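Multiple structures follow.
Shared between the two complexes below is chain A, which has chain B as its partner in the first and chain C in the second.
The block that comes next holds the complex of A and B.
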C-alpha cells in the first residue's frame, strides 16, 4: 500500500524573522509539531470531496516576498488595513487613532503583548478538525491584532484587504486575531484578492474572541484568481449574550476551502452565519462549518447557498453539535443549492450531534435546477431568456446578498455576480 | 389578426389538439368553452409558446407572421399575452422588478427608451389601483403568498402594463369570488380596443356575463365542434355540454363554482 502523503518538509521553513520573540518561538514550536503531518486524502472525512483539488508542490512552499505595491487597492468607505502576501503594509493603511480600539501588526507588538497573544493563538480552533490551519501557525510572517476595550464601538466598517502578488510560485499566511471586550462592537470586512498568475497557496487563520455582550459582524469576500489555492480557517468563541454575524461570499477557484467554527460558550449567545458561493468553469469551493452549542439558551441560524455552473464543484458541510448541558438550544441550518449545468456537482452534508434533550434543531438541504415553469412565465412577458435566467439565479441568493450590512460590499458582490452571469448565460 | 389552421399539438407523445381552425380579427372578443380535458389550456400554452407542447401539424400566424417560428419571448414582444390559469410564484424577484424588466424589454423591442425606476413606479401604482391591488404588492416577490384572486389581478395588471395585441385569458375567472370577478372583468374590459383582440378560455359562462364576447366556440376532444354568438354560451349554461354529445362531469353553469 502506498504510504499516506505527508506535508513536504519544504513547507516547514518560515522566512521572515521580524516577529517579536514570543511569536517566533510559538511558530517554531508549531512547525516542529508539523513534521510528517499527513495531508488530507479522499479518505479524510472532512476533505472527502476536496482533497483532489489540493495540489501543494515544493515550489509553492516559499513565502511570497512582502514587498511591492498593493496594486488593486479597492476604494474603501471606512477604515482600511492592507496586507501584502500576509504582511501588513503600513503606508497603505487608513484609520485614525480610535478610542478604546487598537489595531496593530503582530510585528509591532511589545514582547509582553506578543507573549500574551502567543498564549491565545489557535485557542478558538479545533485543530483536529482544521488540520491545514496548523500550517498557518507554523508559517505566519505577520498578522493583525485588533483589541477592543469594553464598550468600545468602531463607528465604521474596518476593511482588511489581503492581497497576494503571484509573480512567482509561493505561499502567504495571513493571520488575524480579534479580541472583542465586553459589549464592544465592530464590523470587519476581510477581502481576499490577488494579482499575477503563478500558482500560489494562501492559508489564512482568523480568530474572534467575543466577550460578554459583544456584537461582531464579520464579512468575508473571496475573490482571488484562478491560480490561487485558498485554505481559510475562522474560529469564534462567544461568551454570554454575545452576538456574531458572518457573511461569507466566495467565488470559486482551483481550490477554495473555508472552515468556520463557532463555539457558543456563554448562555444566551447567538450566531448567524450566511454564505453564498458561486462557481463556474472547473472551479471548486468547499465550506465546512461547525457550531458548538456548549452553553444553554443559545441560538444559531445558518443559511448557505451554492450555485454551480459548467463543470464546477461546490461542497457544503454543516455540523451542529449540541452538548449535554446546552438545554434550550435553538439551532436552524439551511443549505440550498442550484445546479446551472448537468456537468456541475454539489455535495451537501448536514451533521447533527445532539446530546441535550430539550432543544429545537431544524435543518434542511436541497439541490435543484432553475425552475422551467418560472422561466416560461418570465419569458412569456417578453423578458429575454438570458435576463430571465439571471433574475431567477439572483432570486436564489438575493435575500442573502441584501442582508450584507455594508453597501460597498453589496456593490462589489453584485459586480462580480454580473460578471459571472455574463459568462454563464448567453443570449439564445 | 390571429389565424389558426389545422393545429395539431401533443404533450409527451399524446395528441391533445386535433385540428383547430380559428380566425380572430382585431377588436374582437372570442370565448372558447369546453369541458375539462378538452384542450383549452393546451391551446393557450401552444399560442404562448410553451415548449412542453409540440406542434405536429398546422399553422398559426399573427398579422401574417408565422408564430411557430418565434420563441416565447419573441411572441410576447410581437404582442401575445397569456394570463396564466396558475400564475407562478417567484420568491426573490420583486413584482416591481419583474414588471419593469418586462415593460422595458417591450419598449426596447419597439425602439423606445427604457423607463427609469421612478417613472415606472408611478405607472405601476396607477394600474395597481385600476385592478384594486394595493401598491404594497409591487414590493413583494412575484405572486409570492398572493391569494388566488390577487394572482389573477396581478395577471390583468401585467396585461394593462404590456398592452398586448392579443390577450389570452386562461380560466381567468376560476377561483374568484363575485367582487374579484367584477374587478378582473373591469380590467379586461378596459383592455378592449379596436386594435386588440381578446381570447377567453373558460369552463364556465359566468365570466361572459361581465365580458361579453362577440363569438363563442365550443372545444371538445381537441377540435372546435360548434361556433356561434353570445347566445351559444347561454345555451351551454342552460343545457350543459351534454346536448352537444359531449360527456362532462361538471355543468357549464356558474353556480357550481
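The block that comes next holds the complex of A and C.
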C-alpha cells in the first residue's frame, strides 16, 4: 500500500507577526504538531466523499495579502465587522461601544487576555474529527474575539464579512471566538465572499462558548466564487438551559466543506441546526454535523436540505451521539435531498450513536426528484413548466430559509436562490 | 421491584443451554496457515488442480490485505497462525451412506439440538444437510430433490461432481479480494453447501443446513453457493448453535447467491452461536460475507435473519440488483445481551432499471451490549426508477447498552427514490404498566412487547423458524428488564 499523502511543509509557515505573544506561541506549537499530518483520502471516513475535491498545491500555501478594499454584499442595517483575507479591517467596521459587550481583534488583545484566549482556542472542537481545522490554528493571522458579559444583549445582528481577494493563489485563515456569558444574547451573521479568480483556499474556524441561559443565533452564508475552496469548522459548547440556533446557506464551489459540532454539556440545553445547500455545474458541497448529547434533558433538532443539479455533488453527514448519562434526550434529525439531474450525486449518512435508554431519537433521510403530480397540478392550471419547476424547488427549501430570523438576510438569500433555480431550469 | 431484580438476576445467569461438547476424535491440522496447509487441505478433499490454484490465488491476495477496523466492535487481535484450518470427524474413510451408518454420537448431538433428523425428515418436509464441524456427514431427502433436478450437496462434492457450475459461479458474487475475511475464507474454506435449482423448477421443499462448531480451536470456514436458474424458486434455511467454550472461535463464512431471470431465492438464518458468558468471556467471532447477485430480469433475493448469538458479529447480507425489475429484501432482528457486540446491516446496490429494495431492521440491545446497524443503499447512474425503503428501529433495554445506526445513502440517478427512517426507543413504562395491570408478569410482558416489535420480520420467516426465533428471543432476553 502506498503511504497516504501528507500536508506539504509549504503550509507550515504562518504570516502576520502582529499577534500578541501567547497567540504566536500557540500558533507555533500547533504548527509543529502538523508536521507530516496525513491529508484526508477516500479511506478517511469523514472525507470519504470529499477528499478527491481537495487540491492543495504549494502555491496556495502563501498567505493572501491583507490589504485592499472590502465591500459587503449585504447592504443591511446592523453592526459590521469586516475581514479581508483573514485579517480584520478596522476602518470598515461599524459597531458602537456597548456596555458589557466587547468586540476585539486578536491583534488588539492585552497579553493577559491573549494568554487566556490561547488556553481556550480549539477547546470546542473535536480535533480528531476536524483535521483541517488544525491548519487554521497553525496559520491564523488575526481573529475576532466577542465577549458578552452576563445579561448583555446585542440589540442588532452583527454582520461579519469575510472577503478573500484572489488576485493570485493563496490562503486565508479567518477565526472567530465567541464567549457568551450567562443569559446573554447575540445574533451573528457570517458572510463569506470573494473577488478575483485565482485558486485559493479559505480555512475558517468559529467557536462559541455558550454559558447558562445564553441565547445565540448564528447565520452562515457561503457565497464565494468558483475558484475558492472553503473548509470551515464551527464548534459550539452549550451550558445549562442555553440555546443555540444555526442557519447555514451554502452555494457550491470546487470544494465546500463545513463541519459543525455542538456539545450539549448542561442540562436543558437546546440546539436547532438548519442547513440549505444548492449545487450546480461540477460543484461540490459537504456538510458534516455532530451533536453530542452529554447531559440529560437536552433537545436537538436538525434539518438539512440539499439540491444538486447538473454534474454536482452534495454530501450530508449528520451524527447524533447520546452519551450514557444523557437520559431524557430528544433528538430529531431530518435530511431531504433533491436530485435535479442524472449526472448529479447525493450522498447522505444520518448516524445515531446511542448509549442511554430513556431517549427519543429519530432520523429520516430521503433522496428523490420533484413530484410529478405536483408538477402536473401546477401545469394544468396554466403555470409554465419551467416556472412550476422553480416554484416547487424553491418551496422545497423555502421552509428552512423562512426560518432565518434576520429579514434582510432572508430576502437576499431568497433572491439568490430564486435566481439560481431560474438559471438551472432554463433549458427545461 | 426487589423480587423482580432477584428473578432478573437469576434469569440473567441462565447458562447457554446448548453448551456441550461431543466426544468424537477429530482429525485436526496443526495450527498455522501457509501454502502447504492449503495444498494439504485441498489434497484431503481430493480437489481438482483448478480449485487448489483458486485457493492459492486467494491466499496470496489475502496476505496483502488488512483486517478491517471500521466496524463499531472491539475484540482482541486474532492470530491467524494459531488457528487450525481443518477438522473432520475421524471415520472419514467410510462415510455413511444412510442415517443408520451415522455415528450415534453425532445423532445424539443433533437430538440435543432439537434436530431429530430421522423423525423430522418426513414430518416437517425439511431436508437437512447437517454440517458437523467441517465435513458433511449426513444428507437427507436427496432423492425427492434429485427427482426435481435440484442439486443439494456439500460444496466439496459439487467441486468434484459439478465442476463446470462451480467454476462458472464461485467467487463471482464475492471475489477473492472483496474483503479480508472473504479472502481468508476463499483460501481455506473447508466445506459448505451447494444448491442448484434448474430452470423453471420450484424446489419441492425448504432446504436447510444446521451448522455446528465443535472441535476446540478450529475456525470454521463455510462456503455456500446457491444458484437459482431461470424461473426457479428456492427457500433455504440456515441455523446455528455451538457448544460452550472459553476460547474465542473464529467463523468467517461466505455465502453467494445467484438469481437468474425470474428466479427467486429466499435465504433465512437463525443464528444462536455461543455469545460468551456474562463476563463477556469466550464466544464466537462471526465475520461473515453474504451477498446475492440478482443478475436476471425480475429476479428476487430475500434475506431474513434473526441474530441472537456470537460475541462479535460482523455481517452485512447484501443484494446487487443488476437485472431489470429485480427485487432485494432484507429483514433482520439482531439481539445483543451481556457483552455482545453486533455490527450488522445490509447493502442494496441498485444498478438495473426499476429495481426495488426493502430494508427492515430491528435491533434490540440489552445488558452491556452494543448493537449497530450499518447499511448502504446505492443507486448507480443506470438505476432508472429504482426505489428503496429503509426502516431501522432500535429498542434499548437497560441503560448500559448502546444502539447505533450508520446508514450510507448514495444516489446518482434523479428518478431513483430512497426513503430512510430510524427510531430509537425503550420498552416504555406505560406499556409495562398496561400489561402488568392486566395480570401479565414483567417477563412475559417484555417478551410480548419485543415480539411485537419484531413481528414485521418474524412474519417473513418460514413457519418452523418463526417458532424457533420467538423462543430464542425469549430465552436471550429473559431477565434483562428490571
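By our rule, the second predicted complex is superposed on the first by the 422 of 428 C-alpha atoms of A that agree within 3 Å, B and C clash if a C-alpha of one lies under 4 Å from a C-alpha of the other, contacts with A are read in each partner's own complex, and residues count from 1 in each chain.
As a working rule, a residue touches a chain if its C-beta (ideal position, glycine included) is under 8 Å from a C-beta of that chain, and two chains touch if they have at least 3 such contacts.
A quick note: this is a predicted structure, and the numbers were derived from the prediction, not measured.
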Room on chain A for both chain B and chain C (clash or fit): fit
First, second, both or neither for A:368, with chain B first and chain C second: second
Partner chain(s) touched by A:168 [first = chain B, second = chain C, both, neither]: neither
Partner, of chain C and chain B, that touches more residues belonging to chain A: C
First, second, both or neither for A:381, with chain B first and chain C second: first
Chain B versus chain C as contact partner of A:347, first or second or both or neither: second
Contacts of A:24 with chain B and chain C, given as first, second, both or neither: neither
Partner chain(s) touched by A:391 [first = chain B, second = chain C, both, neither]: first
Overlay on chain A, chain C to chain B nearest C-alpha distance, Å: 14
Footprint overlap on chain A, comparing chain B with chain C: none
Complex contact set, residues of chain C against chain A: 66, 70, 379, 381, 394, 396-426
Parts of chain A lying in touch with chain C, wherever the complex brings them together: 1, 45, 324, 327, 337, 339-369
Residue numbers on chain A that touch chain B, as the complex places them: 371-374, 376-385, 387-388, 391-392, 394-399, 428
Chain B residues within the chain A interface of the complex: 48-52, 71-73, 75-77, 81-82, 84, 87-88, 90-93, 97-98, 101-102, 105-106, 109, 141-142, 158, 162
